[in-house]
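One structure below.
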Amino acid sequence: MTNDSSSIRTPRVGVVGGSGYTGRELLRILAGHRGVQTRWATSRSEAGRPTAVRGLPYQDLGFEALGDVDLVFLCLPHGAAVPWMEAADAAEVRVVDLTADHRPGSGREEGVVYGLTERNASEIARARKVANPGCYPTGVILSLEPLLEDGLLAESRTVTVAAASGVTGAGRSPKPHLLFAEIHGDYRAYGLGNDHRHLKEMRALLPGVPVLFVPHLLPVPRGILETISVAVAPGVDAEAVRAAWTRRYAGSGVVEVLAEGAPALRDVVDTDRLVLSAIDNEGLAEPTVTLVTAFDNLGKGAAGQAVQNMNLMLGLEAEEGLRCRR
Amino acid sequence: MTNDSSSIRTPRVGVVGGSGYTGRELLRILAGHRGVQTRWATSRSEAGRPTAVRGLPYQDLGFEALGDVDLVFLCLPHGAAVPWMEAADAAEVRVVDLTADHRPGSGREEGVVYGLTERNASEIARARKVANPGCYPTGVILSLEPLLEDGLLAESRTVTVAAASGVTGAGRSPKPHLLFAEIHGDYRAYGLGNDHRHLKEMRALLPGVPVLFVPHLLPVPRGILETISVAVAPGVDAEAVRAAWTRRYAGSGVVEVLAEGAPALRDVVDTDRLVLSAIDNEGLAEPTVTLVTAFDNLGKGAAGQAVQNMNLMLGLEAEEGLRCRR
Amino acid sequence: MTNDSSSIRTPRVGVVGGSGYTGRELLRILAGHRGVQTRWATSRSEAGRPTAVRGLPYQDLGFEALGDVDLVFLCLPHGAAVPWMEAADAAEVRVVDLTADHRPGSGREEGVVYGLTERNASEIARARKVANPGCYPTGVILSLEPLLEDGLLAESRTVTVAAASGVTGAGRSPKPHLLFAEIHGDYRAYGLGNDHRHLKEMRALLPGVPVLFVPHLLPVPRGILETISVAVAPGVDAEAVRAAWTRRYAGSGVVEVLAEGAPALRDVVDTDRLVLSAIDNEGLAEPTVTLVTAFDNLGKGAAGQAVQNMNLMLGLEAEEGLRCRR
Amino acid sequence: MTNDSSSIRTPRVGVVGGSGYTGRELLRILAGHRGVQTRWATSRSEAGRPTAVRGLPYQDLGFEALGDVDLVFLCLPHGAAVPWMEAADAAEVRVVDLTADHRPGSGREEGVVYGLTERNASEIARARKVANPGCYPTGVILSLEPLLEDGLLAESRTVTVAAASGVTGAGRSPKPHLLFAEIHGDYRAYGLGNDHRHLKEMRALLPGVPVLFVPHLLPVPRGILETISVAVAPGVDAEAVRAAWTRRYAGSGVVEVLAEGAPALRDVVDTDRLVLSAIDNEGLAEPTVTLVTAFDNLGKGAAGQAVQNMNLMLGLEAEEGLRCRR
């Protein structure tokens, strides 16, 4: 550290709104990341309490804190990221926004790169502003886009996504229906009617694919499993689907394609991995393949992907800090 | 009880294989049933231990026990019901077989009435031999058959059933993957490939409907929730679906049609109810309705339906003993 | 209702604050109770929504509702029962107060009978005002008082109570530490330092017994299990303890004394039973017996005991409406 | 590997019986350990399947495998470690035995060092044979021994240990009472009567202390929390207890003494830490301090401690590979 040229200085990052489930997970990853220095994490309610980063308590800070960092993560309630994005822009600080505020379909996506890492790696590497994808769309788009691009989907057929998520996906602000005594032993569909707010994001990235998305709430803290049924074009089978994925995701340490079987939630919880699988179905007139995709909503579905994006934006090792080994 | 004419004698029943989850649930219902007398419950492994019926321990009994009862429930491992069915036939004892051994598609269904209560009530009332339906098929068939009959389904379109069940559906014999430490925090699809053994039963009852059935294992002890996506015929919507169900299930104390919203698992667990709901979907080219159907796999999915069938077979009050109130 | 002789009119009851966990459980019991008519249940937040009693929605009512009932249950937040008790007194309506406001040690216990049913049955039967015991004290006092009275405890020895409760014991108002994602997989001691608010009640009923009470929070919705270690007087053993309990609780359909073994939570959850057990310990210089006592915090620990008290106060069958069978 | 002095060769280790919960956890730690090379892991039932160590499948191996390693871990069913210990002795291979077979009180402890790391560090560093402590005793002995040595305990007073453990403590062989549907929502005391097999170990290490040990089974996969009530000598309080611990465990990265409050299970699960806390109690004639001690039964309670011992025996960094940061 004798020479202070910025090229060798360890990049410095900050976390705005670090006391929700996403922010805490992000700080957990940053605590083990050897390529960046976490300078601060803001939280009004938890100010003074320790974060996962040794020696770094939460602080109640405003925009002035941006002067101290090269990149900032926004882990705020949806809607609250807009002024921070503007302030970071003015301060010439890179941003990874984990809210929905600048995602495709939000109306504020202009000039912001969509941070689906495996899809947009080169744009992300050059971006100042990145919108981290929603949890459900991450799995749906990574599962379907290669099939769409390679023409493997039957035309105009509804693609049915039965998704199930752990309760941290609903955030940490206390609501009666998220109390332990309400969730224990329960399971339910929600967001019925195909108007979940994540659909805009899926539709923007999968133009022309009619997606029917039905989310369910699981009695587990974390993890998402998406069971996706797709009518396929003539001659297409699960093997062709796996081949399309393998071409697209070769080299990724985060996305894994199973040669057989399907992932369970416990294979991915507490990791930053996303696991893809495809199975042929018997006894149907229309050839249909079932895709089972699993990942941690707080890992690849939020904080893990945010760190992937940071690694690209700061020119660090692609998987530094990530929990990708089984 | 001074007069012993059989017309006023309380019917006597027996339970073969009463120590699994289904048998125990059945005995719990029978313990509160005022219209029958439970004479015995067999179990080799639990012989001598108490059942839910006061004063009735499990016994290790053979066919000779049939001489003592008017109706017998078979709660055996699949495959073991065949000789008991024959012995009961010879002894002229009525049978409700809760195994898969005599269900449609088993190859042994001849002369046995399929005990889907709301569908076959009059045949069941006259039957000596009834095959109690499988848990998953109960929900799928009750959901879809009225739509099929009324011509509400779009032709040749795959009907996707994403089903999720609590672990008692897998039985009580100890297997490593059903240990608490394996299931806690997990969720997974299983039976992938559309060849679950329950499909034969669904296909037999829903001829011409291409069903894609994907079951999942929930980290809860009991309950089934089925999320069914159906392309509908022109002009059909959720309201029409509800109307078809209401016509069919009017008067049932067990099957309930929700006017709005969808049932959660906790609405039906520990009851014998089955709750149907239908929701229109936005933004799809093909009009598609999502059905959410919930019930307890041990209630309407097994022991509750068995008692409904017994009530019909013995000429008792239709819902006597059942747990149907919310 | 043409004839108004009180001896044949069905008593009418009301529930104030019926939408918390205790109030909902009480309404569930009342829904199956054949000896009373539930006239109303108040709740501001749930007004208009259904209760467990068929045809009875929650209403937002004030003191004027007291004119319509013979007995009222108070299921309010602690502190809020005082004005209702006064209003009920003025209206000459009997009260079962499920809050801590009038319990022993509260400073407001004068003129109010302590509703520990098995201890004070005759006073309760004559009382207008009854303070329903706290959940933890119910188990501790029923376990220890017969031992104290019969001189079975070693003198001046600390009695250690390691208690564990499901989370409904903490109520239904949403707090961050009671969210599903916080409780799942966790277990902790709380109220450390021997100053839990329930201790006043235990000390008032167990004078001279030095109780060390350590509660723990279980990752289950309901149920309490108390593991109590007592140094016993010379010559006393578990058999003597069981004999003292049996003498005291003979005839009770609610309190059960196990001849051997100890109850588990699942033996009592969703019931109104309380199960007592005592086990001798090996290898200790001081003879010490371990008592394991289990019950449902919402059953015998709250709503079940409240209904026991109501049955006594209204001259009904002692166990009418209660869930006491295994 | 033909020559180079042993001082620079990476030590090689093997795991016997690696497919139970303890063995799998050990392999997970070894997978991230930079100071040793894991050569093999044996399992008959899982032979050919992957372990947590990349590229290392389970193998079905016999004693001959000992020729390939410097140290072997025995993760066998209790009773099965004796012949392996003899074979390792003959082969001059170091052993960490995670079974109960050579622990104090087993009758086979001669010549085997008791591997309670913080207590016996220097003997362990020189040992060829180490018996890894039982899970419950690890917490009880680390909590109490400093108090015993410093004379802080009141004489002849029963020390009450109310312990609770996750179900992995009962092992991975399938037993009906460990099925998910049995444990979910349950909680129970077991091993009643003060004759748990771990008591011999506690008594051997805490001579003269009358320990009353009551274990409970928690509906969680992992973690142990021990609530220990001790009558203290005149003038002793929680502060003095913390001081005794701090003197004893200074410098340990594994054992932590809380300055205030008490640990919850979630603070220690999935780590190798053990957290100690002490709280003064009010309102008791005999001064009594409550100790709350938490750790992961698979971490410090088994595999984590085994790796601590290995690190000492092989002269590696004390906390290499361990998960000790919050």
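The chains carry the letters A, B, C and D, assigned in the order they are written, with residues numbered from 1 in each.
The criterion applied here is as follows: a contact is a pair of C-beta atoms (placed from the backbone, for glycine too) under 8 Å apart; a residue touches a chain by one contact, two chains touch by 3 or more.
Labels paired with UniProt names: A, B, C, D = N-acetyl-gamma-glutamyl-phosphate reductase.
What you are looking at is a predicted structure, and each value in this text was computed from that prediction instead of being measured.
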B-C or B-D: which has the larger count of contacting C-beta pairs? B-D
By mean C-alpha position, what chain is farthest away from chain C? A
In whole angstrom, how far does the Cα centroid of chain C sit from the Cα centroid of chain D? 40
Compute the distance, rounded to whole Å, between the mean C-alpha positions of chain B and chain D. 47
Using the average of all C-alpha atoms in each chain as its centre, how far is it in Å between chain B and chain C? 37
Give me the residue numbers in chain D that touch at least two other chains, ranges are fine. 182, 184-185, 219-221
Per the touch rule, the chain B residues reaching chain C in their complex are 31, 50, 52, 54, 184-185, 270, 325-326
Applying the document's contact rule, which stretches of chain A touch chain C when the two form their complex? 21, 166-168, 172-176, 178-185, 219-222
Note which residues of chain B are touching chain A in the complex, please. 156-158, 160, 162, 164, 182, 185-189, 192-195, 199, 203, 210, 212, 214, 216, 218-221, 223, 225, 227, 229, 231, 262-266, 269, 279-286, 288, 290, 292
